[in-house]
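Every chain is named by a letter (A, B, C, D, E and F) in the order it is written, and numbering of its residues begins at 1.
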Amino acid sequence: MTALSGTIPVFASLEGAPIALKAWILGMLENMGMPEPFLMLVSIQLSILGFFSVFLLLFVLASWFERKILARIQNRRGPNRVGPAGLLQPIADGIKMLTKEDIVPVAADKVLHACAPVLIILPAFLAMAILPYGKNMTPVELEVGILLFFAVSTATELAVFMAGWASLNKFSMLGAMRAVAQILSYELPLILAATSVVMITGSLSLTAMVEAQGGYLLGILPNWHVFTPWGFAAFAMFFISALAESNRTPFDLPEGESELVAGHMTEYSGFKYALFFISEYLGLYVVCGFAVALFLGGWQAPLPFLTFIPSWIWFFAKILCLVFVAMWIRGTFPRVRVDHLMNFAWKFVIPLGVMVLVSAAVWHLAGRGPLGWILSLPPLLIPYWLMARAYGRNYDAGGRVYRFAE
Amino acid sequence: MNALSTESIAARVREAVPEAEVELIPNKGPSGQDSLLIGAAKAVEIAAFLRDDPELRFDYASNVTGVDWPERVVKERVTATEEVDGETKEGKKVVETKIPGFLEAVYHLYSMERKHGPLVVRLRTGDRENNVTLPSLTPVYRGAEFQEREVYDLYGIRFDGHPDLRRLLMWENFADYPMRKDYTPPDDYEYEPTPHDAVLEKAKRHQADDGCGKGDPA
Amino acid sequence: MNPPSETGSPSPNPAESPRYRTAGYDSDAQLLEVSLGPQHPSTHGVFRMNVALDGEDVVKLKPVFGYLHRNHEQIAEQVSYLGSMPYTDRLDYFCSLSNNWAYAAAVEKLAGIDVPERAEYIRVITSELTRLVNHTSFLGFMLSDMGAWGTVLMYAFREREKILDLFESLTGSRMMGNYMRFGGCRCDLPPGWLEQARKVVDGYPAFLDEMESLIATNEIVISRTQRIGRLPADKAVNGSMTGPCLRASGVNYDIRKVDRYGIYDRFEFRVPLGDHGDCYDRLMIRFLEMRETLKILRPALRDIPEGPVMDPKARQRNLRPPEGEAYARVEAPKGELGFYLISDASDKPYRYRVRPPSLINLTLLEDLCLGEKIADVMVILGTIDIVLGEVDR
Amino acid sequence: MGITAKNFIASYTKPESLITEEYPEEKPKLPENNRNFPFLVFDDDPDAGLRCVSCKICERECPPQCIYIVQERDENGRPVKQPKVFDIDISVCMSCQICVEVCPFDAIKMDQEYELSSLDRFDPLIHDRQRLSKSNEYYHSIHPAEAAAVDAVLAEKAARKAGNKKAADNES
Amino acid sequence: MNATAYILLGILLIASGTGAAVLRNPVHSGLSAVVAFVTLGMLHMALGAQFIGFVQLLVYIGAVAILAVFAILLTRPEASHLPCLRPLRRAVAGAVTAGLVLAALLIAIFRSPSLNREPGPVAEAPVAEIGELLMTTHLLPLQTIGVLLTAALIGAVLFASTNHS
Amino acid sequence: MITLPAILALSAALFATGLGIALIRRNAILIFIGIELMFGAGVLNFVAFWRFSPDPEALTGILFAMFTIAIAAAEISVGLALVILIYRHHQTPELDAANRLRG
């Protein structure tokens, strides 16, 4: 908090508002004579309730946001009938989803078919617990936070696989196979990109990572990892892999509707389908949240004189920016093909990820400064340039020349 | 067709493919697109010749279709001399010629290389019931594959040597050939009542049958 | 209607014919048979493909048609010559005016009817606008097939809408034109139509530039279309491929140039040809064709003469062409659209046959798709650009 | 991505680039030539002024056969030049306008009304004579230029008829 | 470690393990084994080895289980004509063997006097120290494991990609 | 508080289950899963011994557990590749069908 926060008390009080609210409720309960274990339980419940409701709100917003953004990109208006500016559209959608008939194919494996949507939504919620939302606002302080993220996010592929397999539909099966192969392949670059940050920070805890990015270079440029050569490369890798991991366009092959109808979700309807839907958006928020925490300075303000705005507002603003970029990408790019996707992961991103590690190591040794810049750039640029040349040769990307007959 | 008249093509074909039955069928209409009737026996050879001959190069089978010619009676007024009671009378008389029915497969060939055409080639079956096999030109013109299937589907001409002769548009168990002139649609549709009396009658009949009428026509 | 079934084929067993043997797969254990369609997001209608997959690779692909079959030819043989005209709109419902022209041309050939000059110009203008409509929406659908979430489709439809507005103010209907008549066109251009059309045509290059930078240089599009579904020229010719797909394979065959029907010899335009015959070429040829089409439209809109739009001698009702037959074809946006008519001097055609480019271009679909990935099947099918109204008729 | 960004921003800054019409509130302006389903023109009186003489040409020419006409007969059973029944099944009609073209009396014209959806297949979608009859003024309001031309032709015809009659009167 | 948690996790662990043994459908078996792996990871965490717990989850769910289930699918066991278990005699023999082994182990465990001791003072294994130890005292094993993993990876790729047809 | 023998007993039970799977299933992949469960029992032992060791700061148990997990991962990757290979030969993942070593 700088002196500015004193002049703007609203922001100052907002900074600690969520924590203060929790403390107030707890204090009130304590005054009522509640026993200690019960208070602890309530405290946990309140934290959970807090981010549960925030993220559900965000999910509701996201579907509205996505529709609006896509519509605007496509020169349409988007939802504008339900509520002001269509803001109640997600609720209408929810009601629609809930009132739809729940169809389970006769031949399906009914237990797994029912388990899959529940299982797919769990990892997102679990991963949310360790996100640092603001200063002292990590719901679960975990020493190995980033490991938890990777551990639970692998459960997604299991759920997708269960959904595809249990539906006993060829499209579902194909979609599930794709999903598993894809998530498995992109897990690796995701871990590599995160490892570079772990190397620099020397900790697996997300809070520590965010705190390591505090401070400003020359008083203006924030010390975020994304503003370093390795950090930028790792961020790009992380973001691309995160898109692939959460099945977003252009990597939405598992559900690629133009070839596989809806992939693993083909045989789902009603509320179960809605759960897949929710998990997609929540997954998007979670991966964006991790990208923010790892590379974009978490809840740190981008400019020193902006620190008066509460940290959690910054965090969510950054998440929303990344989410917007993801939606923008969705509005622009067509879907890649499955073998291209795998080639991209194994032949391009992963080698580059190893080089990012090298670069980060160099940076770690050479230190933040001109020397670090000079030494850590070549291990990134040279392989990038070589690989781009090697793979670019397969296509006439520069444009073809066409003959004309009179 | 600039330099090559249909007649000269017929002559070339006769020259090149021995024992080829080629007959010129003139077109009386304003379009003047004459056609060649070729015998089924040598049809594939003739087609291959038409495709490969460097001057003809009809390498592109644009259109393949069937035509149904049911048995018909052509009435023609002819002037005939007749001897009646020793006298020679001259008078008009109606002569009825019975033309047996047949099915026809018509190919419109063009040349993409030399940019001329069309050459209309016809193949005729023996009759409309049993003798309906024609040689398939799909081995020569790959583009005829689906169209020959369609002709088989709609007219019932069986193409010998076709790689995959199945029905194209109708379903497999469909019995009839819906493009033949004597085809009558089976009366099994679910008619929707319209103002037309005839259709309305049918609709009423059918809805009386199934008992769960889709709305009362009355 | 019963769905066409796969079993009980009366013909030689397809599995025995060499072309359909799935080489190298001694057992079916590894193959996954998938039925794409008839209700599938990207088959562009009720069209089905029986696909056998080995992993993601296509080893067998059989198109199945007939879900939209309405025996158009039989209907046309039972109504008058004029009565078939509105039905031709519904063949390829994106290009109703080209279809109109093809049918009108066939009847004119059959009955020997002349077309006045102004009508010829209108026909060229409308049919070239139709080409723009078709190719534009083709780009949109194509990118949707690749999974681009309709952004390109929306841009394409935004532009298509302008032309459809033109069509509406000219023919009264946006898609079902039913505009051309034997010996001319149904009505003259409404006042101000030419200016409006010029405005649309002038605005088109900017749109094409935008689309080209959005599509043609997009890495994902390039990697998904280049070297996919290659079609060599000789195979294309033998398989009766027509239209942009044929020219993408490098065969210089444009009926506007070859037959010089209508008044196309008055316009200077070029025929773009591709060298690779892959999906990217098929995509780009359509871009280039649209640019050439604009080259036709500009002088046509400028030079259109005054005069009648109908041959006064031509009659629509009770048209009884002399006995004979005629085959007329035009370069429809999707390929060669031909009408083959036999007249027996009555007021109904004795034989009425449509040569549908969509159906015949599909002949080579299996050849294009074999060995490609399942996702490519959609792209290849997309680049062939079919409309089911025309395939099934 | 630049292009999509441009369009995204333009959709907020330039209102004309938003192409959606908010249908129930703002309705599209139909061009004069727009056609939907046929209607019958009457001149003054909706019953007697109907131009249709039930010649049944349109019924014959209609490609999908959606028109059904029964001629009116007077008490003596003699046909009257009036349709007794004139039904158009607009769920069959394909708006091809051929009935309009073939009508020698300019009695049937194309309407522009398009909000015809209903839950019932039969009653609201089979238009009877009463529902089809619309006044010449209405015709003028939807197709002004065409209606004016038609009126001119009709007036000329009437004049010629009157002239003929006068001439015949004069002769006799 | 809490006794209730121990009992619950233990029951879950053994139940899912048994499920993996007897469920007919191989995919169900595989998924049941996944539950066992997850429970195992939770046990590690409950014992204070958070790091090991997460590594267990990461490796076993993320890699092993998925690969196994994937392989089950690839090999299409449902097309097999044989029943899922071995012939009854052999299956019973296997179960008996397993039971005997269990009995032997249990006897050994409960009769050993040296096992009755109190848990150590640390509740949690510090991650930083694990890392440090890996890089100092246990560097050689770590490197060996790295070589082993690389060799396994290459070997697996070679095996799976060999085309014998 | 749970004693060390209790955890060891659980681990023994897990080991026996894994052994049972390996012994009674036909499917090679499930046999591998059984082996993995046995590995898991070993890891549990390591962790338990670390927890109850007199000198937990040494972290030896933890490190051994880690190495065991890594070895298990290496083992199953090669094993699954072998299964796929066997499947290619015999068109079945059942080991009974693949009891000959000749391809």
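The definition used in the following text is that contacts are C-beta pairs under 8 Å (C-beta built on N, C-alpha and C of every residue); 3 or more make two chains touch, one makes a residue touch a chain.
Source: prediction; values computed, not measured.
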Any chain that touches chain E and chain C: A
Chain-chain pair with the highest tally of contacting C-beta pairs: E-F
Chain closest to the middle, measuring from C-alpha centroids that were averaged per chain: C
Interchain centroid distance [CA atoms averaged], chain C/chain D, Å: 32
Distance from chain C to chain B - Cα centre to Cα centre, in angstrom: 25
Between chain A and chain D, centroid-to-centroid distance (C-alpha), Å: 59
Chain centre separation (chain E, chain F; CA means) in Å: 5
Chain E: positions in contact with at least two other chains: 51, 55, 63, 165
Interface hub residues of chain D, defined as touching at least two other chains: 3-4, 7, 19
Chain C residues counted as touching two or more neighbouring chains: 29, 151, 155, 158, 214
Touch list for chain C against partner chain A, complex: 32-34, 36, 40-42, 53, 56, 143-151, 154-155, 158, 214, 216-224, 226-227, 250, 252, 254, 257, 270-276, 280-281, 284-285, 288, 373-378
Chain E partner contacts - residues on chain A that touch it in the complex: 109, 112, 142-144, 147-148, 150-152, 154-155, 157-158, 161-162, 165, 173, 177, 180, 184, 187, 202-204
List of chain B residues in touch with chain C within their complex: 27-31, 33, 35, 59-63, 65, 67, 106, 108, 112-113, 115, 118, 120, 141-147, 150, 152, 154, 162-173, 178-179, 183
Interface residues, chain E side, partner chain F - complex: 1-3, 6, 10, 13-14, 17-18, 20-21, 26, 29-30, 33, 36-37, 40, 43-44, 47-49, 51-52, 55-56, 59-60, 63-64, 67-68, 71-72, 74-75, 77, 80, 82-86, 90-91, 93-95, 97-99, 101-102, 105-106, 109-110, 112, 115-122, 125, 129-130, 133-134, 138, 141, 145, 148-149, 151-153, 155-160, 162, 164-165
Touching residues (chain side chain A, partner chain C) in the complex: 70, 73-76, 170-171, 173-174, 249-250, 252-253, 256-261, 330-340, 394-397, 399-400, 402-406
